[in-house]
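In order of appearance the chains are A, B, C and D, and numbering begins at 1 in each one.
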Amino acid sequence: MPTCVLRITAPDQPGLVAAVANFVADHGGNIIHADQHHDESTGRFFQRVQFDLDGFPLARHEIGPAFAPVADKFGMAVEVRFCDEVPRVAVLASKAPHCLAELLSDWRAGEVQADIRMIVSNVPDHADLAAFYGIPYHSLPVTPETKADQEAQLLALLEADHIELVVLARYMQILSPTIVDRFPNRIINIHHSFLPAFAGARPYFQAHERGVKLIGVTAHYVTAELDQGPIIEQDVARVSHRENVKELTRRGADLEKIVLARALRYHLEHRVVVSGNKTVVFA
Amino acid sequence: MPTCVLRITAPDQPGLVAAVANFVADHGGNIIHADQHHDESTGRFFQRVQFDLDGFPLARHEIGPAFAPVADKFGMAVEVRFCDEVPRVAVLASKAPHCLAELLSDWRAGEVQADIRMIVSNVPDHADLAAFYGIPYHSLPVTPETKADQEAQLLALLEADHIELVVLARYMQILSPTIVDRFPNRIINIHHSFLPAFAGARPYFQAHERGVKLIGVTAHYVTAELDQGPIIEQDVARVSHRENVKELTRRGADLEKIVLARALRYHLEHRVVVSGNKTVVFA
Amino acid sequence: MPTCVLRITAPDQPGLVAAVANFVADHGGNIIHADQHHDESTGRFFQRVQFDLDGFPLARHEIGPAFAPVADKFGMAVEVRFCDEVPRVAVLASKAPHCLAELLSDWRAGEVQADIRMIVSNVPDHADLAAFYGIPYHSLPVTPETKADQEAQLLALLEADHIELVVLARYMQILSPTIVDRFPNRIINIHHSFLPAFAGARPYFQAHERGVKLIGVTAHYVTAELDQGPIIEQDVARVSHRENVKELTRRGADLEKIVLARALRYHLEHRVVVSGNKTVVFA
Amino acid sequence: MPTCVLRITAPDQPGLVAAVANFVADHGGNIIHADQHHDESTGRFFQRVQFDLDGFPLARHEIGPAFAPVADKFGMAVEVRFCDEVPRVAVLASKAPHCLAELLSDWRAGEVQADIRMIVSNVPDHADLAAFYGIPYHSLPVTPETKADQEAQLLALLEADHIELVVLARYMQILSPTIVDRFPNRIINIHHSFLPAFAGARPYFQAHERGVKLIGVTAHYVTAELDQGPIIEQDVARVSHRENVKELTRRGADLEKIVLARALRYHLEHRVVVSGNKTVVFA
């Protein structure tokens, strides 16, 4: 069933919900999911409205223009999305295969609504996995000296194929602002700690040193500041003094796979709205 | 800030969301929380809309009648509630004090928006606790022979004081249909298992026998069938072979307190809609 | 580092712990992990002792006989295992690929210490996955009429290859006692409910009907009674009225993968002792 | 049933487990719980052995001296504790009553094996609660100017009554080194964040600002560095963009009560060993 999603941000004011609902109702549409949020601290209003396109009298490209008067009246920023849209995605990975393998396996099972165009890695290890799934694989080794070059190649690949979303499936290289700035809120990273605790390198080592009783992982959008971008999803698992760093790493791997998958699903279903450095997730 | 909550159930159809939103907007009201749910299996639509009463032009008693034409048009069942309403509550407990003590402590801290009118128990144990909180305490001992009499006394107490909500804070007597039928969806029980597993007597013993790796608790509305009513909230805790029945009981007590408190809060904030034998909780 | 695991069951009595520890110490061995459990209700004692083989003066095959006098004295049942043992495993799956794919991916990453000898399925779907991982694939379709034949073929495959452990990675056929009895406590199943709730068919449908607020999964050893075997591991995830059966199924799939992997790891590391219809898991 | 707990720390070496087990067995004692841990990074060995005193031939005061030769041989630091020991405890609280109320309610129900000698607060609010439970209440108001004086009064109270354990049940004053140094690993604090995230002031505000998807709490021993002491226990709860700071605070309160209770129980049952800035909790 094809559906349309309106994702709206506006200054809060009376009549917003009615105006959007009327737009759908006046065209005879049926809302199948609607959720909204009023952020007290900023006075901003966020809404996600999903309605059935079956029988809707407007063509897809007509919906935005038809909605424009409503948006103008209330000062809304609005995005018009369609649930059968399939964005062009690049997956980046380093040595650890678990997040990449999970994502590909889910994708093959039809659970990831994305057009995975390429896998890029700084190691050659995953070429056969990519081949099995029929996805082009680019191995771009990197050293401190070649980092600028490697990033230029990476950017060229992303742009040549009109990539819309980048998924860092345990890609252990820091992306430079050149790349980050091209994909605002369109690079999803999985960081293997419960941010803001243990940002930066070797989080499981840090967690072990501090003696925490739970380890966590965080999926977030990448911004210029390392591990500081808007958090999409987090989860934790219980550990004890028994787990050494290696075992924390293994325990964490299970979390990483699942939290990245969950965050990606939220993104692909147009459920995430970024507000400042935070997200509203209409789960 | 006083607010009004409309709790709506209707057959799903286009225009419902707009109609309710327009009702609020046409009176210049501001929606501060709205949530809805379309149940695919029954075709029913559920909505909770909360709006600011400050500056709203209708008096409280005028809102229902003013909304009636909308309700009629769409075949809505609607309840009009106010967030500063404080229902008259009776708390029933047996020997175990933890749920009762927690509820009273939270209530005193201003976190339970209820008018706790009485504590009733089949044991005299909690009289001093009740006295400390300034709440009348009724000790109604019960034996198989006196059960009918005891229930008649209990019902008389509830009715004399116009009780609107009954909270079973580990009250270990089965209420007869006479009482249950008087309070449809207005008796909340905390059952110490993850229902439907381990319904009936001695759930921690049953859980221990079966060797489960998690224990759970369930807050639900009481219906004529024991432990079969609509579930409001559940939670679990990890256990292992190490815990004997006594330790499971202690671990579970922490869960019981918190899950009962959470379910009660949902109920008091008019967040729960019963649909058949299930609940929609607009949390 | 090669290690030996002694897994001991005995009637509880003073001196047990000392006797086992002395056996290791008297040979100059170093205990690197020891855990024990005294079950009050049965008076049974369970112990898992893992010690370093590096420098241990006895050859592997000499350890059991050397320990026999200790075992005899205390009436111990003892199993002698080695951590680098790699049992011969068959994985059975039906249509849903997620548990199978996860298991193979983990196995390839070196995280499953098993010799996966074959994948058997009642559907042909996973042949290419098996080929990618270099594992023989047997497609054994089954109908009510051919069930006995199919099981005979299955059993022949298992026996011909000396399979020691069978993993049911969402294999949706009920194994007959003929097979179950050959592999006591050596068939691990993942059931997609929080047992004992929702045993039998279509557990997510049952969970949706009952309106539970958490869904769960259970890894257990298979016994003659369906879904009644000793529980190895369980976990749950929060759901709400929003999830329909399809979404519960998807949410549950993440749990199934991880709980099966965890149970399998416990088994392979010789951490599970079955006691009656329960397990002691020395995690 | 009276039991003795030996809590042992030693450099790891072969024979340790056997030596302790033999000590108990040679006196005809029966070990009812034993757990040990070898910390790879430090090479330290930790053990907790609990044995039945019923029929044990040594008097309580004789056990330590009798064990001394074993301790000497292996360089063990050993503590001899008894499970019916009831330490003298002071509970400190500020305005928020929930942790204090919970602790007292549990204590009255017989679930906290402590001799609660006094409640000290910088506000007078909890005097009637203390009176209800029959515990002396000391209201010691504090301002920046009077902090030194107030602490001197506090310390005098603690010392005059031979307090052995201090529980900070949401006591919002920073204790000076003078007090902290007197009670090494004997002051338990509940911090309302998932440390090391959000140390310091207003953690729920910080959590809200950062947009985390889980909030947490941490029970830890107090050391000279604020919120840096050894972590005993942690837990988390899921939140979303919907919760404002006030609601995070309320959600967190439930966690705080339970995590503090759990940490206190571990401490009172002699299950916690501090190792550097971490804990081994033999739960």
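Heads up, the rule we're going with is that a contact is a pair of C-beta atoms (placed from the backbone, for glycine too) under 8 Å apart; a residue touches a chain by one contact, two chains touch by 3 or more.
Everything numeric here is computed off the predicted structure, so don't read it as measured data.
Chemist: Once the contact rule is applied, which chains count as partners of both chain A and chain D?
Modeler: B, C
Chemist: Report which of B-C and A-B is connected by more C-beta pairs in contact.
Modeler: B-C
Chemist: Determine, using the mean of C-alpha atoms as each chain's centre, which chain is farthest from chain C.
Modeler: Result for the farthest chain: B.
Chemist: Could you work out how far the Cα centre of chain A sits from that of chain B, in whole Å?
Modeler: From the centre of chain A to the centre of chain B is 37 Å.
Chemist: Could you please state the distance in Å, as a whole number, between where the Cα atoms of chain B are centred and where those of chain C are centred?
Modeler: Averaging C-alpha atoms per chain gives centres 41 Å apart.
Chemist: Which chain C residues touch at least two other chains?
Modeler: Nothing qualifies.
Chemist: In graph terms, nodes being chains and edges touches, is this line, ring, star, complete or other?
Modeler: Topology of touching chains reads as complete, every chain touching all others.
Chemist: Quick check: in the complex, which residue numbers of chain C touch chain A?
Modeler: Those in contact with chain A are residues 97-98, 101-102, 105-106, 108-109, 111, 128, 132, 250, 254, 258, 261.
Chemist: For the complex, which residues does chain C have touching chain B?
Modeler: The contact residues of chain C facing chain B are 37, 39-41, 194-198, 208, 210-214, 216, 230-236, 240-242, 244, 277-281, 283.
Chemist: Report the residues of chain D in contact with chain C in the complex, numbered from low to high.
Modeler: Touch list, chain D to chain C: 12-19, 21-22, 24-26, 28-36, 38, 238.
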